[in-house]
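Below: a set of structures, written as structure tokens.
Each of the next two complexes has subunit A plus one other chain: subunit B in the first, subunit C in the second.
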Partner chain A sequence: MKSLTGKTLLAIATLTYLFMWVPAIMVIVFSFSNDKLGVRWEGFTLRWYSEIFSNVAVRDAFGMSLTVAVITVVVSTAVGTLAAYGLYKYKFRGREALRMSLLLPIIMPAVITGGALLVFFTRVLNVPLGYPSILIAHISFGTPLAIFIILGRMARIDWSLEEASADLGADRLTTWRKITIPVLLPAIIASAILIFPWSFGDFTITFFVAGAGDTTLPIYVFSALRFGETAAINAISTIFVALPVAFLLLMGFYKRKK
Partner chain B sequence: MENSEGTPCVELRNVVKGFPGVTAVDHVSLKVEQGKIFSLLGPSGCGKTTTLRLVAGFETLDEGDVLIDNKVVNDIPAHKRNCSTVFQTLALFPHMTVEENIAYGLERRKFPKDEIKNRVGEALELMQLSGMGKRRPSQLSGGQRQRVALARSLVLRPRILLLDEPLASLDRKLRKEMQTEVRQIQQEVGITFLYVTHDQKEALSISDTIAVMGKGRLEQVGTPNEIYETPRTMFIADFMGATNIFLGKAITSGSREVQLESEDGLRVIATKNKDIRNEEIAGISVHPERIEVLPEGTDLEADNKFRGKIAEMNYQGDFTEVKICLNHVDRFITVHLSNEPGQNARFSLGEGVLLCWSRHSSNILIG
Partner chain C sequence: MFLRERIRELLAKYPYLPSVGPVSIWVILFVIAPLGVILYFSFLTTGDFGVILHIFTLENYLAMARSTVVEVFLRTLLFSTAISMLCLLLGYPLAYFIVMYGGRWKILLVFLVVLPEWTSYLIRLYALRSIVRSGGLINSVLLSLGLISSPLPLLYNPFTVVVGLVYGYLPLMVLPLYASLEGLDPSLLEASGDLGATPFRRFFTVTLPLTKGGVLAGILLTFIPAIGDWLVPLLMGGPGTLMVGNLVFLHFIDVGNIPAGSAIGMALTVIILLMLYFCIRAGGKEATERII
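Then we have the complex of A and B:
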């Protein structure tokens, strides 16, 4: 493939990838640099990593993000599965309208959602800002996402599986437990894999509905940047690039083993 | 539970089932004899699958009764009825092994573990699947999956096995093999089979009794021979391939035969039973294989004789489908010419021929 078009294509592809990855690569490189601002190379060091691991604020923020993300994933997938099942299998008035309305949280700009939720929590209902508000906001976004992913899979499932289960003597609950959920599991896991990073890394909506003292990791990073503590940010960011990459590598390895 | 002589295994009494806009099952009554293969045959949309699902319990009926072993089961849910279904898509649980699939029903019935193991082993042997127990459905061939589906249902020893076009997704050769297997398995196991199909050849080859359905109604119930040789209505005749249909009125009749004048003025002779009244007779049909084709000039005595020219020839392997346009009349007769060497004189397109068949090959159609 050493033709001219082949070479041009290769060049364009390489440039594109570089363009996408250079910022990330720079962050990773400078996380090991002995520079407070994290923008110049001043010698190799691991001090930023040890700093963030001993920094209580970072640990707390990480803890909050993790808690929110885990709870969001669990609730969103559970509610999402049940909702998708109902939307798919039962015919009722307003079904289409309901299905369409679930798109709203996903397509609305985050700023508007955040702002609207803040007003809602403070003026309309009296929802304490902090874990309650953040969780509600995240679950309101994660559940429609889960519903759509699971609905998509449901359209490709052979539903006579449920009838076969009933035919063989299983009541509704047993069929649900032994057949429906296992068959839907790939979709449920897919939605979890999508919702977790979204929830963990969400800034805009969380920023609006978090209270004064509550910091999730993205909010911490934002605040830290404003106060010029950029080196630590590099370290945090590097970890959050490394983790999904490691996860993907593991998945690839596992798949190849099969 | 022993079935007393003559009690049908499954019975439908005047069953009606409708969906928005259409009556899928329209006052159907039938009796399925114990220990036989009973087929519901008809084109798509005729109601045969709905009827099967009513027996299984996947649909609730609007009117009438469904009885299994003389007991009304209308309100008994599917998972409590003593029947088992083999689905068109087979519906094998993809996340379970073959063994787990077959054991599923037994586990639901709380059979002890060793009993389950025994029965599953037996089933695998009966279906020639020994050694495949730990495989997943996706690792099996089409025919093997069929057999797992059958095993999964049969292992429960149901009163009746319901099969919804189970061989529809198989290729022709495999389908023929499986048809023979299904028949053999049924004879070995002795369970009543209620079989739904749209393939008349399949129904003819495996059934003890066939019920032909059209537009939700039962058109005719009889042995394969009866349905094929003496279809009662034009719909059945056409569906079973007796595509030469003469509609008209009976003009003369003796006690054993009748002469019909068709709408286009042709005279056709058929044998008839005593109990058919002339007013009922709406037409006559003839199977393509029952018509003899002879060179035009042949001088021959025959009950039914017509002359025409060959308009079309379609090679079908073991026979050639030939369409002949009759002289003086705007009508085509379809004939199957056997391609066995030496069977027939060779004919060519446009050639004039003589067609004839005996009165015994004509079927009377009731209006």
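Then we have the complex of A and C:
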């Protein structure tokens, strides 16, 4: 790294990392500061954390976000695994059309997806806003994500094991249980690790379809922001930043165990 | 008994039904149908109190061309293009640095790029805003250094909106570039060096053309979310930084003019699909594979 190019690259990389991380680090630091507005360092405290954990509205919102994320992950990965398998193994009419339609939720702007679902739920289907509408919206985004991650993995798998199992007389369900699912498990876990934080943290689509009743944690934060920034919001934000880190450590642990 | 026979018959004829059946129904019901509905609504008339009248009209599309909507569309296109380019200018050196000089820290360096993308977008923007706003870190540092005497109004201008969008989507640029550079054959670089190419020339004649797929994928992956963004202008922008996403939201929620909002949304969708089409055509297979 002695060359001029190396030094320049190091400088650009350092500045870019600072740009990406300083805001989050400051929020974390100020969440432990004794300053009510959360913009100054005035001594260490855990006050804001005990405050948010004893706040019923925050607890409810946290619970709702968690419930929605867990259900979204389970349904999306289940439906997604099945669908990826079918898309990979069978040639059928409409296969390309299905693939293209599955791209729509990923490439469409969240304001359009959210707006379209809201109109559809309130003016066409009469789906109650709240848990049902939020879950449908999240699963509609999570499932395609799972499908494309699992499809990517399928292209790189040795499928002869599956044939061998069938040749040895196992029926399709046994083959699925003993061969297909274990082989796909890393991809299924990878998609879950991607879908969970997305669902837990999504604001825009949820905001459109949430209605006036219960709220998720990001919507709670957004409403709280209208009354200005506070140290308590810093504490909630820290949870959001810590969550993917925790997931990553968990994944590293799982890999090491294998 | 009869039913069982029928199911067996169906399965023999359409063996893919159990696997792709559920997702097809879901996609038709909750992806295609809602978009179809707003496409249909975009041709309808709005009555009093946001009631949708089933009277066919092109007014929603014509109104877009007449009003200030055009200005918002142009601004959005300008912002998205600028953001893609800025992300490329920051992201390429970063990805190059990770691949060439990362060494044993490579994985950690990649994770430091990916992690923000897994954190709630709203929370990340909140974090950025708390640094930029008048009592935030930047102003405090400048004040204590004596460089300024009163806080600078950094929020609510186009520049900050662009910075916010770059902050939001930079990881999406770095990842495909990283994958593309990582897959580069080092012997090609050596060969061009042995043949006497200067590092500068080598970069523009060998490295950059070979990573074209990654570049196009990165541009697409930053341009598309940026063009539909509405949170950055909402949290950090002012009246002069309104983007198309904000217009869609305003029409759907605040004004309650769903047909007008639908028409704007459809126009945005067409722009995105065109962009996707041209990028995939320019980048060929590699760009497509990096995206899907």
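Operating definition for what follows: the second predicted complex is superposed on the first by the 239 of 258 C-alpha atoms of A that agree within 3 Å, B and C clash if a C-alpha of one lies under 4 Å from a C-alpha of the other, contacts with A are read in each partner's own complex, and residues count from 1 in each chain.
The rule is short, and it goes like this: a residue touches a chain if its C-beta (ideal position, glycine included) is under 8 Å from a C-beta of that chain, and two chains touch if they have at least 3 such contacts.
Quick caveat: nothing in here was measured; it's all calculated off a predicted structure.
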Putting subunit B and subunit C on the same copy of subunit A, do they fit or clash?
-> fit
Could you say whether A:Leu37 touches subunit B, subunit C, both of them, or neither, answering first, second, both or neither?
-> second
To the nearest 10 degrees, subunit B and subunit C lie apart, as seen from the C-alpha centre of subunit A, by 90
Can A:Phe222 be said to touch subunit B (first), subunit C (second), both, or neither?
-> second
Comparing subunit B and subunit C in the superposed model, the one touching more of subunit A is C
For A:Ile71, select first, second, both or neither according to whether it touches subunit B, subunit C, the two together, or no partner.
-> neither
Once the shared chain is lined up, is A:Leu104 touching subunit B (first), subunit C (second), both, or neither of them?
-> second
Based on the superposed arrangement, let me know which partner A:Leu129 touches: subunit B (first), subunit C (second), both, or neither?
-> neither
With chain A overlaid, the minimum CA to CA distance between subunit B and subunit C in angstrom is 13
For subunit A, which residues count as touching subunit C in their complex?
-> 1, 5-6, 8-10, 12-13, 16-17, 19-24, 26-27, 30, 37-39, 79-80, 82-83, 85-87, 89-90, 92, 94-95, 98, 101-105, 107-113, 115-120, 123-124, 136-137, 139-140, 143, 147-148, 194, 197-198, 200-204, 208, 218, 221-222, 225, 229, 233-234, 236-237, 240-241, 243-245, 247-248
For the complex, which residues does subunit A have touching subunit B?
-> 158, 160-161, 163-171, 174, 179, 182-183, 185
Enumerate the contact residues on subunit B facing subunit A in the complex.
-> 56, 58, 77-80, 83-85, 87-89, 91, 93-95, 104-105, 108-109, 152-153, 156
For the subunit C and subunit A complex, residues of the former touching the latter | 14-16, 18-20, 22-24, 26-28, 30-35, 37-38, 41, 52, 90-91, 93-94, 96-98, 100-101, 111-113, 115-116, 118-124, 126-128, 130-131, 133, 135-137, 140, 167, 170-171, 199, 224-225, 227-231, 235, 245, 248-249, 252-253, 258, 261-262, 265, 268-269, 272, 276, 292
